[in-house]
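Common to both upcoming complexes is subunit A, partnered first by subunit B, then by subunit C.
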Partner chain A sequence: MKKRKIRIIIALFLVFTIVSMWLLQRLVVPKYNKGIVEGAFAAEYYEETTDHDVIFIGDCEVYENFSPITLWQEYGITSYIRGGAQQLVWQSYYQLEDTLRYETPEIVVFNVLSLKYNEPQSESYNRMNIDSMRWSSSKYNAIKASMTEDESMIEYMFPLLRYHSRILDLTADDFKYMFSSEKVTHNGYYMRVDVKPEGDFPEPDILADYTFGENAMSYLDKMTELCKENGIELILIKAPIKWPYWYPEWDEQMVEYAEENDLVYINMIELADEIGLDYSTDTYDAGLHLNLSGAEKLSKYFGEYLVENYDLEDHRNDEELCKVYQEKIDFYNDMKEQQYYELETYGKLISFGAEAIED
Partner chain B sequence: MKKSFKKVILTAVCACMMAFTAVGCGGDSGSDTGNNAQTGQIDKAESLSGYYFATGGTNIYVNQKMEDVLSSLGEPVQYFESESCAYQGMDKTYTYNSFIIKTYPENDVDYVLSVSLRDDTVQTPEGIAIGSSKSDVTTAYGAGEESGSALVYTKDQSRLTIIFDGDSVTSIEYSAVQ
Partner chain C sequence: MLFTSYSFIAFISLLFLLYYIIPKKGQWPLLLFASYLFYFLCDWRYLIFITVTSVSTYLFGIAIDKVNVRQDEYIKEHKKELSKEDKKIYKAGMKKKRFRLILMCLVLNIGILAVIKYTNFTINNINGIMHAFGSDNTIGFVDIIIPMGISFYTFQSMGYIIDVYRGTYKPERNIFKFALFVSFFPQLVQGPISRFNDLSKTLYAEHKFDIKVFTFGVQRILWGFFKKLVIADRIVVAINILKDNPEQYGGAYVFVLMMFYAFQLYADFTGGIDITIGVAEAMGITVAENFNRPFFSKNIKEYWNRWHITMGTWFTDYIFYPISVCKPMLKLSKASRKHLGEVIGKRVPVYLSAFVVWFTTGLWHGASWNFIVWGLMNFVVIMISQELKPLYVRFHNRFNVDGKRWYDGFQVIRTVLLMSAIRMFDVYRDVPLTFKMVWNMVTDFRISSLWSSTMLNLGLDIADYIILFAGLIILFTVSMLQRRKAVRERLWDKPAVLNCFVTWLLLISIVLFGAYSIGYDSAQFIYNQF
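Let's look at the complex of A and B:
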């Protein structure tokens, strides 16, 4: 009887400890709901209730430059951007692998800028890309491929070990978003309506070696193979962004790779005029990323290319999808209105962007 | 059965205690918000050593405060700033006549990330300039580590990368080791 009591006390103690640790972890992990929101992108995908014709993967050159809502409104194409801040090619590969657990798109679009990185770069960007993925072998392998010298797998498995010292820097948002979060993207698209014209870019660095690294290219090979195995058309793109500089030597390698692997590669920098981009009005940060106006122009152009060259169904007659997408359009328009309101009222965005003030 | 139950309990208690210990370890995690995209958790006091570029009586070290450099060099010929993805703060590029300085932000202060020499009107304190030969470089700095068409030298928190086209130096860059 006495032993039974002891067992119950120990069991209760363990339950209490585990629940306390879990609550503490929920409290201290970064929430990414305001300011820097890129860490919330990966998780939002799992809230999707319908499949997608097109999946974009890659770095900021996909999630800031393409609008899935425009693709829907103009062409009835369903799409989602599984992008992330400085998403490295192995992270893109594992995001794609993860996506295929849930759906098989007709087309995957990969932005090739990240091939310039052959090795893990930064813990912060790793965290933003990986932390909010659901646990799977893809996430585990993404962590393994991405960890910098000072990182460890155990800290990814138990983020409390990494973030415990945030307990001294908690904000109201840490409590507000402890158990839930607000949507920050539009099918993975990060909206910005402000305008900052393209600046005078500095001279590009001279590189010791212009060949993409073996590690990076091996993941592009894996991506190509994975798409082929699943009957998916892989389209390689370089978004129409001139800085960071896209070297002609890199472009040549992509042209060759696409030819060798029977893939389409589109360097959109060369198509800027055809797309109708005006870099004095279509970018919000001096030319590094497009703003809403630029993203909608690019999406209209790319959508037209897709419907002309691929057998994609126009889903705008599908009532169920229309209902789902109407909600998305409403959210899109609400955010657009709010951003324009802030621009007119304050002369800048105060609730969006890296400098947005957290509660 | 009873023994295995005890083992499970014991293991779980140990795991919890270990976790508590780790949580309470109070290790310095720097800015633990996970929002600081800059990787460089660099000891600034220690970092003002290593290779440096000297021009007009000013020594420029990587990881040095840009404010100090600017006060000595004056305004650049061209200035470019960009807010990179998910960054708080700006990456800045200052172009002077013969060299380019890039900075990174940390806690609202800009530090020198790299200095690139662009023409042969400037040279390193060891006498190497654009156009120098490989043997000039190895005489001045030693064998170095080969990386593509470059020789790389590392000292403290600084890295000196000298790129060649054949036997001739085409680029010299000082950068912060992160």
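Let's look at the complex of A and C:
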């Protein structure tokens, strides 16, 4: 065979192999469009066309408890929640670092519950938080900081290697969402309208040591530093959720940390009555997360706090922004209606939540 | 560094690139560097052992050769003065010197191997004996690292020194080249056990990039990955459940385990060897074949000529023959013929040598009685079939079955079943349990027990069984095609598009259906431990 012909054959073979691998990868990676949707959160941020006054970072205590649409409707505050399921503090830090590539918000709100984790925890949560981030040094560092013992960087770079065995469990959604996805959040807020009153929580465990881990605290330090460097106000919050238990010893450490670093720390558990939360109607899973009613109450309260204490502009006179947010409001209302409809018709949500029925 | 790890794939990819872009003179030094780096990345302490073996074998080889050279020169110089008898006496003296040298080399290196691999086994047996005699004292086990592939490189080095001693070839003068022969990384993990005069022909040669050679190498690597990841590592889940729960899985399940293990071992070991040969081949280096479709053998002797070929020939050349022709054995042969008659007498030395070979073969495979009994079972079966040979011949002639396809098939299946049954000794945790379970298989074989959904409780679901079945069909088909011509040669003769498509299909099958990543307990290659 002539050398030129060989080269062409090899080139075609390589191109064909790479393209087919990419297509297979698109097919087998989890789509997170139904059921467990948390893996889709990180990617939705990149579809944003406008900047935000406030960025929330943290775990489910931000993405299930704050409604950016309410903040907009009530105060004209633009906000986005870059939250994720069991988002660990280093993941929050790198999400923030990633966010600063695209915009510089006035305020960053970080929910401190994740400080209780000092080590990488679970591969599935890592994946949900990191996989759909765009590639950057932040993503690379987030992976490095988060990997459990069995994980490898190469499987994050080429998710086909991790998810190849899903080829045997493909559903119609895997084909439907191979190249596109549907929005599942409202500026990062995960909506649930169903109600399950707060139940009895077990007695909290007695811990051998209540001090937050060095690793976790180092990322909080980095976060504080990053915000200072960029002229951003960092607000530390503990969302008004009573379980997992927030120990007084942890709270004390946060109070001290905030004082030392000239930051605001708000423990909202203590403010539940002021916020107007009724845990018999405002949660959907027995008190672990707020439902829409609870999230809207909390957002109204927090929005008022922000307006009173920070110099935030009311953007509701901005036509461009109004147009953008009207679309978001429509989507918000549509989903709300659909959820209420399902609740009335079936007595439970069937298209939303971890147990949603696949198409 | 596992062959199936991402780091190994990155390692060989980089090596292939460097191998062909650097000046050709640097190719073998690069391989030496890569081999030592490979070993270092596995565990730096391994380097100490392999260096000791390499340096000592090299020096003894040179020393033995010096004795030879001195002998030749002396005889040449004193040709006229020496009588035949003088020459004989002088040669005998020199032979003794050479023997002392080789003995030192063997004792040192086999000693290292023995201490590393068999110390705890010996302690365990001593404790057992003391316990049997009512003693409560026990000797504590020793924490010794076992360098990867030590059995392979020690045997390869000892084969070399014996060949130098016998004058089969001259020793290698360049210590670095010799170090490469001992440490050549693809075969370091699980063999094959190469001979110096075979491997050195291509190992040190300069290789120009040849697309055909490289493609063949890559295809062979992929084929190895397919066997290992799609078949062996998938089936291992069920094997572990079956062997770890003997009280739950008896009867027909022992048969299932027996066959599963046969498939796993074959796919695992030949897969590893395919990767070894493929890596070498991609760099133009020819490594000895270790398998020749062993599951198509019609009897056990043939099977052992086709399974782990380099180990079999090593034991034949360096243990069986030397023992058979050593002076004590010749004396024993003479005595036994005299006292036991011609028929039995001539068998005694052969059987004794074979016994030693199979005992050491078992011991080489692992420091446990399971392997020793496994080796001896092979010995027993081979000897019985040897003794029954006249009976077979009469049977074949009487019923005219020789050469008949159905009878060939029967012989093949019989051999596979027999070998698989013997192999059960390295499956269960101890020898008594193995006998018990094999007996249970024979006496309580209820095929109906397999029809319940229990087969789906072995860690494999329907999809896994389908993949396994498809994988085994492909394995069988390739073996059938190989009978006339290598599959890669056949593909090379076809249009390039077809060749590329088959390679792509193989690659995609590995990526999609391979049992790797989180969720799979990707087993080490079984032969890594030897």
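Before moving on, here are some points about what is shown:
Here is the rule we go by: the second predicted complex is superposed on the first by the 358 of 359 C-alpha atoms of A that agree within 3 Å, B and C clash if a C-alpha of one lies under 4 Å from a C-alpha of the other, contacts with A are read in each partner's own complex, and residues count from 1 in each chain.
In the analysis below, contacts are C-beta pairs under 8 Å (C-beta built on N, C-alpha and C of every residue); 3 or more make two chains touch, one makes a residue touch a chain.
Keep in mind that what you see is a predicted model, and the values were worked out from it rather than measured.
In the superposition on chain A, A:Ile9 makes contact with subunit C only, while subunit B stays out of contact range.
When the two structures are aligned on the shared chain, A:Ala354 is found in touch with subunit B, with no touch to subunit C. Of the two partner chains, subunit B and subunit C are each touched by A:Arg162. In the overlay built on the shared chain, the residue A:Ile18 is in contact with subunit B alone; subunit C does not reach it. When the two complexes are overlaid, the chain among subunit B and subunit C that reaches more residues of subunit A is B. Contacts of A:Gly58 after superposition: neither subunit B nor subunit C is touched. Contacts of A:Asp285 after superposition: subunit B is touched, whereas subunit C is not reached.
Contacts of A:Glu123 after superposition on the shared chain: both subunit B and subunit C are touched.
Legend: residue contacts after superposition of the two complexes on their common chain; A:Gly294 is shown touching neither subunit B nor subunit C. Of the two partner chains placed by the overlay, only subunit C lies in contact with A:Glu151; subunit B stays clear of it. Of the residues of subunit A, those at positions 10, 17, 21, 24, 123, 160-162, 164-165 touch subunit B in one of the two structures and subunit C in the other.
Put simply, subunit A touches subunit C in their complex at residues 1, 6, 9-10, 12-13, 16-17, 20-21, 24, 123, 150-152, 154-155, 160-162, 164-165, 167-168.
Residues of subunit A touching subunit B in their complex: 7, 10-11, 14, 17-18, 21, 24, 29-30, 32, 35-36, 38-39, 59-60, 64, 85-86, 121-125, 127-128, 131, 148, 158, 160-166, 169, 199-203, 205-209, 211, 243, 285-286, 288-289, 354-355.
Subunit B meets subunit A in the complex at residues 5, 9, 12-13, 16, 19-20, 22-24, 26-29, 32-39, 78, 80-89, 93, 95, 100, 116, 118, 147-150, 161, 163, 170-171, 173.
Listed in rising order, the residues of subunit C touching subunit A in the complex are 6, 211, 463, 496, 500, 503-504, 507-508, 511-514, 516-520.
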